[in-house]
Every structure is written in structure tokens, then in C-alpha cells.
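Order of writing sets the labels: A, B, C and D. Residues in every chain begin at 1.
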């Protein structure tokens, strides 16, 4: 007979300890998106700070899981041996992590956790999207004065992160005990800016006068609704997402009531740090643990000072990894 | 005489479309309790109708010679990004940016046409390849970031209205009229249609099919440039995702409007009416808060229905004659 | 006035013209004759700038003409009607006529002038057509005349007509030739290409004969020649006209195919006819009489509304061609071989094998070998001239294409064969060979329904003749092969019907 | 008969020189690119990281190409390939997740769904006579909506969590993992044979069966096909059904590769579906297909993609080069064609 080779050879294969200068980290976002841009600079910075072999940033996967898998394998073939990945499709990404792990590469799920309760990456360091959406909705409700109608604009409906965001917003609305009504959740408006703009214009035309607040949990609708509300001169409070220039400008000129920031810098720097440790022989005390990288509500009041808070959070995260999540022999 | 003329008009596909459009508009107005007729809604309706019209025409020009242009959407994005880049990063005045967008669009279209002529590869395939290239260029202009806050003058024009109708929509209508005149009355336009109708016969009548192909693709690119300018003016912010949702609508408008894929037939009015219809569906979605995916389903079903209806209509016409 | 000297033109694998020469004089009709593939159309296309010659020159008067494209020829005053129809179907008659020089005003097409010019050209031909009608609605004959109007619209001094009457009725052809004479009398030089030698002798003054791309008779007065002499020149040797074998059909044999009072959705009324095995029934009628439509209705492509069709004595209902072929062994050789008969981009093997793959299959698989063996057998039997059976059908000459289009039905062992206008556009020699073949098929027991608008052909081949006009049968005749008598009887039947 | 005796033994027509074979051109181009990429990045020949995944990708996209080829044979297009794949994958996921059926059963169910969708498209096209592009485009619209609606309804999200036994094995293993005694198989992923079987079956169909040949004849000249006794409407339906079937298979292979039956399957199928066949020499006009060419075309695109990936281009450059290389590959074929024609003319 035919026998199947046992798997044990593979699983333990690459678990050799690497010195920092042998560690080559690849940070791979799901595709081109402004949210990931800080990863690039942060990667370059940690490379020198930690004395890593290399850190690269590769956004060529074009929001396609198959292509992302290809990119990852190409990077591995290039000699990259630790991976921080934003999975294009949270449902499929575990399989990818498994592949990488099997070949002995430490992996981190950065910016987004795999769908479901299982995480095959070493750890997940990401915004708790449900929490962030919850906070954003709360901020919107507060800006609205605690009552009125809220609209939620978000991305691809068939994406588990979107589902979590919808749940987060719903939770905040439910907590008002009926004072705030979720008028509408508009999904699938993040694909491109133009359709977001069109959707916002139509929405404002149809329901602008009944709406008191708009909460965005995706980039393109955030840009579009900030602009759309300003143009329509409606007294609607807009909560945006992230700290893209256009959005910060909106906060400063008052067209945006606030934004919920995530912590891409923290994800890239702490993620790289932890990957380096894992490559050096440390293990996760709880493999697949999900760590919240933090989310921060920014309004006009703290628009100039929020970064300090975020840096503090990042520092806390690093300490938490050292003390809590990582188990190192020496 | 007049009776036969009315029956001729009633037999045209544009007539059916016009009826449908009017009926849809009235129905939506009633269903929204007149909300549809408020100036804000009407303004948004027509402002975002401008690009679908132009992009539909851009595809129609190439369909006229029996080819397709898959790069229209990406090209619109590239032209938008170039225009915004010229104003923001290069500090050029808005009129220069407008010319720049048109030039890029026209040039890219000409390249498409030249490639088709010189390689003799099907236009579908050529534009498939150039689409990829244009997508790369579009991203290259500003990475994933958004351009915002360019020329207030241009943006004012984008937002302005005349007699309750957005200026950009009027521009789109004017361009549509020009395209109509081009096909109906200019020698180049007629030659283009001749090429589409029967390339061999056209050649024997001294029409250069190669020139028709280049003109059609060039014009298609130029119209993509016009769509880009409208986008830049009307939307106030652009990034490398612009154009991604334009490819399918670019086909939907002319095809629903009665343009044959085999070439030789165009219908500017039909294309505009079809864009109007699709836009009605958009607005219906916003008014009633329908999941956009249902809209896709409905649009798909409606087109299939129109296809079937068209066949039935033709069959009836044939039977009656 | 117009002279072409030593023209050479090579296509991939074929030398279409090999030093051909043509000399035209004003005020005369010049016949250009030759077998299929002799290079007539190629010569005409060089004279009109469609092809560029590989050698030789074209002179107008004493100056050499450079014809880089069709427009150059038009500027030089050369008008042409090509063998293939060349109109833009979506355009109006007027626009088609003036397409190469659309009148402009302020940069835009001047519709009024366009219409006026078209009207003028149509008037030259006494054509009463509305210039605004789209050409897609025209009959073949009308389209042909519009093409002539188009050729005249450039003030041409030279008019080249490539088989203009191939799809016209006798009346229509007569009208056309009246116009040709008128043009000649007004000083035009007219070139006429045709395989219908009777017509050529009736209208032409001089003749040039092409054989294998070479001129074998140059601008000779036609009066010096007989038809046989011309055919000898075309064929390249003394040509003995064939004698068809004698056939006898027992009138007692039961019919293989019988129609009883058949009416169709197309408008046929009460058609009754029968074909016995081994018999050729000629179905004569003018173009548009409804014969092809009847054949197609028989094959299930159109609905039969009443009456019965019987095959081998049993009433049948045929739903499609496949059923007609496999169940009832009826085949139909179409009149329109390029569009309906052949797969031009496929090899001969596929074109012949298409009807019998079911039979060739071994364990469900059809091999090229089996198909090739069979194709070679039929290529040999029908005398198909090709470099090999793997040659593409589109590369064959007209006559050989027609043979391929017939071969697939023979391969399928049809017992009843409907042959529709089998020799349209086919040269004399091939035509004779075809007649021989058809007679031989009947001799071997096939029942043949021969649809033809070619009176001599019907009289030569048919055992009985039935005449159709306007979707109804006008009468039956037993053919005694006496041309004068038969043709008169047939014409009388047609006129009796319509009068 | 006079003609029979008159037929002279004609010299054989112009033989196609071996270099003019389009498939050979592709092979040469492929070898050239592989050599180029290997020189620039020796990692290109890394078995585990490059070659094994490359084979999996080629398998998926070759089948995607075949799905398009099935209707290109008619001169039609199937713009809804991706969405048909997604619907099949949905059906498979549903069967595995809810019914817990074994791997092959779910596969069959999914393929059946794909086949039905294709047949539906074919039916509409053949009954209305409307251009296939229009019909499948509309179908694509309708399906894209339907898929989202179905996934949200049946999965609380986006993907099925349940997976059949053997799915992981199919994804991870190569034949090298299976040994008879000391002898192990080659480093070929397990899904490759599935694609190979599909390619062979399609090749067999178009070359040796009546059905396939009749589809090609319908593509070559529909009118003549009908008048030769071919039930052309059925053939149109069958070719589209085959397209749907192969799209379904491609959906399955991609799900196996990616590790889940999710809504995003097939999103990116459209362009590669044309590239494979067209690079391989299948015309959009119908009447002729090249299966080997399609596989080579798919291989070429994946090699280009892989190589450019290894060279670590930025997104903009990557797209630029992919487009340019494709244009060059297409034009080279054209140049070859022109040269072949010239030679033929002289011969």
C-alpha cells in the first residue's frame, strides 16, 4: 500500500530561533487603502529601531484573497519569514495562516481578525471593529443630543467585519431605549468613491431632513458624507472613520462632528515587535489570542492631542505583549 | 401620412423607453408622496445622471463600430486623478486641468484605437489589457489617498444649477446632443456607422475602416475625459477608486437603449433614457432603503426582461407586417 | 481608354492573375469571360483599387493610374458593381448611393443635396424608389439596381459589372441590359462579367477571355465567335458538351416524396407534387416565387398549416432538418452556399462529415481518420478539386464549394434530395459536370427535386416540370427535352397564372 | 465523369512551418519568461513556495479559461463566469454545511447548479436570439445581488463554516505526501489532476465527439449548421451549460485553494477567463478552440503574475507591467501570424 506521509515533520519544521537581524517581516494589507499607509512608514521605522533584517510593505493583492495568498507565497520565496497580514477575506484567511504556520513562519493577523472564533495566526492585533463601531455610534448619538434618527454607512455586506460593525452600531442604538432610531443601514458603498457619493446624495435627498446623525464605518462613505452634508447645508452630525487628511480637515472646519481612529501605527509596530519575538523562539501563551489595538473618538476638542493618547496605547500594547501574551524562554 | 408617422415613432424602441421612464418617474413621485419632486432630490437625481449618460455614450461610440471598450471606467478614473493632480500638486488653474483630462482621455483612446488597428487584435482584448495598464496609472497618480479641496471655481460649477437643473447635467445633455449630431450629420460619424454596419462595403465606398476605428476609440476616450471632468467638478473629492463602478453601467445604458452590439446602429436618445431609468432605480433604492444588492438583482432581471420584451415586440411587428 | 497590362496578383497559395490584360474602348460593352476562379473578379478589384497588383499597370488614356484605394478609382471615373452585394444595410438608399462623397454644408452632411443626387442617379435608371428607404428592406434585384445607381453617381465613364444578373429574373435582367445599352450609347465603356453566355452574346460587343489568370483572347469582336468557341477558349481545349445518360423511370413506382394540398405559414397554397425514386422533378419559377421557402417548410423550418406530406407512402410531420435527414432521408442543397451551405472556415472533411458523425462514431468518438477516409471518397467521386481534404472550404472555387455542399448529403445517404439553384454563378464546364452528376444521382435511384430559375437547366435535366409562381403551382409538364417547345409552355403557364 | 479525370494531382497546400504554430510560440515565450524570472529571482524555482502554489493557481485559471472557451466555441461570451462559479460554490457550501454530505456529493450538487445556470443563459440566448454578452451581463447583475442575499440569509455572514472531510487535504497536500514504500509522488498538488481531467474531457469533447464538433460547427456558421441537421438551439444551450459546469468546477477548485466557500469566489474570474483562451489562440469569432492553448495561456498569465510578484513591484507598476506584457504577448502572436501569411504567399 499507499501511505500518507506523517505531518509531524512539517509542523515543527521552521521553528528555529532567529536573531532579530535574521527576521524579515512582511506587512501585507488587503489591498490599496489609505488606512494602511501608516504601516509603510512604521515598518521602516521598526526595522531600524529593532535592528530587523528587513520589513516590507506590499499592497499589491488588490482585495482578492487568491492574489493575497500568491503575494504571501512570493514573499516567502523571497526570504521573508514573518508575516503580518490583513486578510482580504476574514472567512478564508485562517487557511492561509495555517499554510504559513505549517512552513514554520510566525504570523499575525493585523488590522482584522479571522471570522469566527478560531484564529490560526499567532495572534490577532486589530481594532475590535464591533467596539469601534459601537463607540462611533455612541459619539454620533452624543453629537445628536441623545435622540433622533441615525444612518449607518458601511462596506461590503458579505464580510464578517461589516457584520460586526452593524452589530456594534445596533448595540449603541438599542442602549438609547428607543430615543434614537436606526433609520437605515446602507451597505456596499465602500467599493469606490463615486458610488459612495451618489449613495450619500440620494440618501440626503430622500431622508436628509429626517436624519440627525450619520455614522460611517468605511472610508469612502466617510469622505462622501462629510462632503455631502457640508454641501447640502443640513444640520446632520457626521461621524467618520480614520484620520485621513480630508477627514481631519472636516473636523477642523466643523463639517465632521468626529471620527473614530484606529491604531494602524500600533498594529504595525507592536505587531512587528511580537513577530520578531516569535521568530526568536518565544511562543504565544494563548495562540490565536485577539488583542484590541484600540479605537479613539476624536472630536474638535481633542483633534490636536489625540496622537499622544494613541502613542500611549501603543506603548501599553507592547508591554502587554511582553508581560502577558508572549512566553519567552530567556 | 401622419398616422403612419406616429406608428413609426411608436414602433421605435426609444418610444417604449420614454414611456417607461415617464411612468417610472411618475410612479416614484407618487410613491414618495412628492418627495421625488423636491428640489434637493431632483438636483441629486440629475447631478448623478450626468456621468452615466456620458459614460454610456462613451461605450456607445465604440459599439457603433461593433467593438467594445473595457477601459472606459478606469480611464475616467485616471482622467479625474490627473485633473485633480494638475490642480493640487502641479498648481495649475482649473481650465488647464480640464484640458489635461480631455487630452489624457483622448490620447488613451487613440492608443486603444491604434493598437486595435496595428495589431488587428479584437478591441475587447486590447482594451482589456489597456484597462489593466490604466488602472496602474490611475493608482500611480496619488496612491490610495483622496484628492480634495481643489479649485473652488470648478466645484462651484459642479454644484451650480440653472432653472433647477444642475449645470453638469446640462453639460451632459449638450455633449449628448453633440454626439447625436456627430452620428447623424457629420461625414466622420456617418463613416463610422458605415464601418460598423458593413466594414467591407464601407471600404469599397472609400471609407477607411482603420480611421473609423481610431476615431471611435479616440472619441470614446475623449468622452471618458468629459465624464472625468464632471466627476471632479460635481463630487469635490476623487481617489483611485473612481471609475470602478462605471464599466457595467457603460454597457447597460446603450444596450438597454437599443444599440446593437454588432455595430452600425446608435441611439443617443435611447442611451440617455436608459441611463435615466437606471438612475431611477438608484433613487428608488435610496428612497425606500433597499439593500443595493436587491437593486443589482432587479436591474439584472429588468435587463433580461427588456431583452425578452424586445424579442416579443419584434416578433409582433414581424407578424403584423 | 482604360487599359490594364500584364497584371499579376498572388494570394497566399494562389496566383490569381498572371499577366492579364484588358483593353476598353468608350461606347462599347465589353464581356470579360472565364471559368470560376479564372481571375475575373480579381482583375476588377485591381481596376477599382480594392487590391494592389503585384505587377503590371493600369492606364487611363496614356497616363498611368495609381489606385491606392477605392476612392482613387472613383476619382478616375471608374464605377463598379462587385460580385458580392456591398451596401450598408442600415443606411438609406440615398446615403448608400453617395456614401463615397457625402455632400457637406457647414461641415455637416447636407441631407437635401444627398437626396437630390440620389434621386438623379435613380432617375438615370428609371428607378422609382424612395431614396429614404433603408436598403435592408430591398429585394435582391432592387439592391442590385441601387448598386448600379451608386456606380453611376460618380459620373463614371467606365462601368464594371461583375455578374450583375446572377440573382435577377429574366425580366429584371432584360431591364438591366436595356440600361447598359443606354449607357453604352451615351459613351460609357461597360465591362460585363457573366456566366450566362446567351445574355453575353445578346448585349456585348467585344470580349476578353481569361484562363488561369492569363488573357487568352483580348478585346476581340464578339461577332467573330460562337458560344462553343468561347467555351473552348475558357476551358483551354476543345470542349465536347456532355451527353446525359438516358434514364427511364417506371411511372408505376410509388412516390418517395409526395405533397398533398400543402399550405404553409409562409403563404403557399395547396401545393401538390410528387417525386419518385430515380426521377428528377424540376420546380421552375421566377426568383421570389416561393420555391426555396417551400423546401424549407418541408424541412420543418416553417410551419405547414394544412395538407399532408408523405415520405415513402407514409404521412409524416417533420420538425427539423435533423429529423428530415435521419428519419426520412431528405437532404436539401441550399441555393445560398456561402451563408447556408458551408462552413467556410472549416476544412472540407468537417463540411462533409457534419451530417454523419453519428454514424462514424466508434464508442461515441469520431476520429479524424474515419472522417478523412469518407471525405476522400466523396471528393474523388464528385471530382472536388482541392490540395487536400483538409483545405478550408472558404479557399475553394465556387464550383468546388457547391460540390462540397452536395457531398454531405450524399454521404448521409439521402434518398430524396432537394437541390436549389445548383449552378448559380458557376461556369459552363463545371455546370455541365454538375448536370452530369445530378443525372447520375437520379440514375442511382435518388428522387430529386430540382429547383431552378435556369430554363435550359430545367429542360436539360428534369423528367417532369412543375411551375410555381406567387406561392402556388401553376401546372405540370412532362419534359420532352425540346427546349423551344418546353420553354414556351413553361412561360405560358407562368403568365397564365399571374394574368 | 469528365471532372474526375480532369482533376490533376495538385501539390499539397502551403505547409504550416513548425515555428508558426501558435502553441509553440507560447511555449517559447513561457520558457523565456521563466528563464528571465529565474535569473532575476532564483526563488522562482523554489518548489514549495513558488512552483507548488503556481500549479494550483494554473489549475484554477485553466478551468476558468475552459469555462469561457466552452462558449467562445460558439462565438459567444459568458460574462457571468465568475458569478456562476460563486453560485456553485454557494450550493456546495450549503450542502456541506447544512446537509453534511461527503466531498464528491457536494461537488456534484455544485456542478449541477453551475450547469443549470449556464443552461438557463443558453436557453435565453437561443430562444430570444439576443447577444450572449447582453444576456450574461444581465445575468451577472442578477446573480451578484442574489449571491449576497443568499449568503446573508444562510450564513449570518459571508462564508460557510462547515467543510467536508478531505477539503484541507485537497488544499495542502501534494502527491509527494503519498508514498508507496519509499517511492513518493511528484510535488504536484492534489487539485491538479482535477483540472487536467477537465481539460482532457473538454479536449476530447471538442475533438472527438459529435456534440463538441456540432457545437463548433454551430459557432462556425449557425445557419448552415441548422440546415445540416444540427439542432443548433440545443447546442447553444449545451455549450453554455458546459460553461456553467466548468465555472462551477473552477469555483470548487478556488474554494479548495482558499479554504472556504465564501461569497467572494469568482469575483476575479472574468478577465483571466478571456486571457487564457485568447492568448492560446482561440478566436472570439467561434468555430475553433484550442484547449492546450488555453492551458498554456493560463500558465503564461500566472507565470507573469508570479514573476512580477517576486520582483516586488508596487501596485501601479505591477498593473502596468501585467498589461504591457499581455499586449506584447498578444502582438507577438500577431507578428507570427503576419510572417506566416507572407511566407505562405511566397511559397
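One rule holds in what follows: a contact is a pair of C-beta atoms (placed from the backbone, for glycine too) under 8 Å apart; a residue touches a chain by one contact, two chains touch by 3 or more.
Bear in mind the structure is a predicted one, so any value in this text is a computation, not a measurement.
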| item | value |
| --- | --- |
| Centroid-based (C-alpha) most distant chain relative to chain B | C |
| Where chain A and chain B are represented by their mean Cα positions, the distance between them in whole Å | 36 |
| Computed distance of Cα centres, chain D from chain B, in Å | 31 |
| Centre distance in Å when chain C and chain D are each reduced to the mean of their C-alpha atoms | 43 |
| Inter-centroid spacing, chain C versus chain A (mean Cα positions, whole Å) | 73 |
| Per-residue multi-chain contacts in chain A, two or more chains | 32, 59, 157, 188 |
| Per-residue multi-chain contacts in chain B, two or more chains | 139, 291, 293 |
| Touching pairs among all chains present in the structure | A-B, A-D, B-C, B-D, C-D |
| For the chain D and chain C complex, residues of the former touching the latter | 1-4, 6-7, 10-14, 204, 208-210, 213-214, 216-217, 220-221, 223-231, 287-288, 341, 344-345, 347 |
| Chain A-facing residues of chain B, complex | 32, 35, 38, 40-41, 43-45, 47-48, 51, 139, 143-146, 148-149, 159, 231, 235-246, 282-283, 285-287, 289, 291-293 |
| Sites on chain A touched by chain D in the complex | 1-5, 32, 56, 58-60, 62, 64-67, 69-71, 73-74, 76-79, 88-92, 94-96, 98-99, 102-103, 115-116, 157-160, 163, 188 |
| Chain A contact footprint on chain D (complex, rising order) | 41, 43-44, 46, 48-50, 53, 57, 60, 147-148, 151-152, 156-159, 161, 168, 171-173, 176-180, 184, 254, 257-260, 262-264, 267-268, 305-306, 309-310, 312-315, 318 |
| Interface residues, chain B side, partner chain D - complex | 68, 115, 119-122, 124-126, 128-137, 139-140, 248, 251-252, 255, 261-262, 291, 293-301, 303-304, 307-308, 310-311 |
